[in-house]
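What follows is a structure written as structure tokens; I'll ask about it next.
Residue numbering begins at 1 within each chain, and the chains themselves are lettered A, B and C in the order written.
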Amino acid sequence: MVERAPHGTRAQLIMAGATQTLTLPRFAATRPATEESRAVQWLLIAIVLLFFAAFLLLPLAMVFVEAFRKGMRVYFETLRDPDTVAAIWLTLKTAAIAVPLNTTFGLAAAWAIARFQFPGKRLLTNLIDLPLWISPVIGGLIYVLLFGSQGWFGDWLIGHDIKIIFAQPGIVLATIFVTFPFVARGLIPLMQSQGQLEEEAALTLGASGWQVFRRVTLPKIKWGLIYGVILCNARAMGEFGAVSVVSGHVRGRTNTMPLHIEILYNDYAISAAFAVASVLSLLALMTLALKTITEWRAQRQFRRALH
Amino acid sequence: MRRHILPGFGITLGFALFYLSLLVLLPLSALCAKSFGGSLEHFWNAVTDERVVASYKLSFGASFVAALINGMFGLLTAWVLSRYRFPGRRIIDALVDLPFALPTAVAGIALTALYAPNGLIGEFLGKFGVQAAFTPLGVLIALVFIGFPFVVRTLQPVIASLSADVEEAAACLGSTRWQTFRRVIFPAVLPALLTGIMLAFGRAVGEYGSIVFISGNLPFKTEITPLLIVAKLEQYDYHGAAAIGFVMVLASLAILLLVNALQWWSARRTGHAHS
Amino acid sequence: MSIEIRNLSKTFGRFPALKETSLVVHTGELVALLGPSGSGKTTLLRIIAGLEFADTGDVFFEKENVTHKSAYQRRAGFVFQQYALFEHMTVAKNIAFGLEVRPRKSRPSKNEIAARVAGLLRLVQLENFAQRFPAQLSGGQRQRVAFARALAIEPRVLLLDEPFGALDSKVRKELRRWLRQFHDKTQLTTLFVTHDQDEAFEVADRVVILNEGAIQQIGAPSAIQSEPANAFVEDFLGLPQCAGF
């Protein structure tokens, strides 16, 4: 999930909706002089709808059709299967570790970057972006090279009987890597646009640093933060490539939901694979709904900042 | 060092740098070290192996074509969503982000089911003798899917910020609607369009999850570069995997730089337009 | 409480904002910092408040050297040109903020805070607006909330940055008069920044004229007008809007 947000005129990676979130009302009333003819309009709309159907709506519908093809019983049996349940738990656990860590990082990085001037700021901003540009497979590979048996710390880890690769810690690390920038990249443009007058006012009123953050900054960035967390979470639960490299694919132990889908699919348990996929699709739809709502709220915060 | 007014600079920057170094920079330097860890010759052989070169061609070629397709449909979609009113517009608008939100593995099996020879669209295409799944065309379809939101989301705010009076002025000067689009609107949105295309391209080059199901993974035919990295790892060829990974990271950095340059150009453009 | 600054210098990049500036504001005085934009007056005020740190020089509140104290330790009431109200808090919450963030042992009780807020609302004539949000107020009302908020912490000195800059001329005139009356009542040492000569000469006990980071003249309004110290002051005062004086 790589999306972009504008900061002033410099567009930035991440936060799909942010571009749209963080801008002016989208549409000024159409005027005849600046409008296409009705026929052209409907033709263009039809092309877009057709494209949407073939590339977005049908695949989504397909997930649910295939999931229920063999009936409700098979569907719910799949979801009750111990291996599926274990995959769901591992997915939740992974997100529960990765998301708070990246959120903390995002807040710290956004505070430092949006509130202070220091040399190397541009470089730092780009480095934070980096994981979005790198193939998720490489996001897994680099931890194998660090912690795998052939890796830098391989011998030491074996000596101390610590297992990171092909175990749950590796999955968490790879997930952190691919979701690394989400919160930070959402917050930085928001905080930069808001400026720091209110924080300065709070300081002159005697508030300490933590109080300034808790009582003034946090409420101002609340919706932008929630937005970033939602995106971060969706990606954390859905990541496939990076965790696939580090997981080792042990059923019931190191399988997350997306990996479990792959295993079921390769076993020709097509309906079961789609049943698990349908759960993740519901999560995706919820994410989109929440995203639309928070976007709307964040937009108001952002507009207020532009006053 | 200058004293800062707001507190927390040291601790937040310190934590951010520590976290970044630990989780991104250190692992990436392991990649660099490992890729040159064998001999230079081994590195060179690994990255120029025939099968690997074939995968570059597919990965970069298909990503490029997919990005162009997304450029076209993305521009059209952004235009329609920003300018026209029609039932279901808001839902369509929200669904643009589906490829971001849908896990790639889910997208992969869903697209495969749809475009496989016995799938809904696959069967239809089969009547014309076209096979989509398990061919490079399948790879292309997956890449169009995952890259779609980039162009739309980059263009929407730019289209929204176009001022109507320029279009009105063009109309008053006797320009047809198509001329206005070609000569007034298109040049104004071009930098953003190129940026969106590059973003889609950058994402597509590294994509893995949505492709491995639909591509069939035939060596020399439908094998993408990220898949080769996985294959090398499974054969415990860590140097080879690292070497190919290193090339991919270099490509990513090049794309990142290019996007930065594009955005700089775009910012300058819009800056002038508003002044 | 008097304010004294000694030899303050400050540069932003290569641009010198203040050059070796010294000034004393006596207890109970109302002093205006007047100058064209870019003259360094806002920088000077922000350094006194602790919102900016000087490269060299010292700031004293009475005998206490506060040069290295941060803004939240100085207890200087600061009113921002753009108000800087907390948009997510009600008017009452805005005013109470400075009291609520105090450490537990010096924090007044809830009732005391409420009473203090009510008193301040009365002072700025906004009794009926306690539960409104800043976005629901007019510019003049917001400015008065900003005043009340700064006063709530019982500041040792009051610093005003173009306090009426964003308001229309009628409201400006009213608030100007109100500020003078308020100051006469409280005798709180006050330093305010303005680029408007009428405002400076009408309200202040003494006026400090700044240009390019250096003080050009300090004196009572009448003294400055009758005897401009140099060509800059003469030229600056010769601007048409001064004609009424």
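In this section, contacts are C-beta pairs under 8 Å (C-beta built on N, C-alpha and C of every residue); 3 or more make two chains touch, one makes a residue touch a chain.
Predicted model only: the values in this text are computed from it and were never measured.
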item: By number of C-beta contact pairs, the top two chains; value: A-B
item: Identifier of the chain whose CA centre is least distant from the whole-structure CA centre; value: A
item: Where chain A and chain B are represented by their mean Cα positions, the distance between them in whole Å; value: 16
item: Chain centre separation in whole Å, for chain C relative to chain A (CA means); value: 46
item: Chain centre separation in whole Å, for chain C relative to chain B (CA means); value: 52
item: Sites on chain A at which at least two other chains make contact; value: 200, 203, 208
item: Residue numbers of chain C (touch at least two other chains); value: 50-51, 70-71
item: Shared interface positions of chain B, touching two or more other chains; value: 5, 7
item: Residue numbers on chain C that touch chain B, as the complex places them; value: 50-53, 70-71
item: Residue ranges of chain A in contact with chain C within the complex; value: 197-198, 200-208, 211, 215-216, 219-220, 304
item: List of chain C residues in touch with chain A within their complex; value: 49-51, 70-78, 80, 82, 84-88, 97-98, 101-102, 135, 149-150, 152-153
item: In the complex with chain B, residue positions of chain A that touch it; value: 1-4, 6, 8-13, 16-17, 19-20, 22-28, 30-31, 33-37, 40-41, 44-45, 47-49, 51-52, 54-60, 62-63, 66, 101, 104-105, 107-109, 111-113, 115-116, 118, 124, 126-131, 133-138, 141-146, 148, 150-152, 173, 176-177, 180, 196, 199-200, 203, 208-209, 212-213, 231, 234, 237-241, 244-245, 257-259, 261-262, 265, 270, 273-274, 277, 280-281, 284-285, 287-289, 291-292
item: Complex interface listing, chain B residues touching chain C; value: 2-3, 5, 7
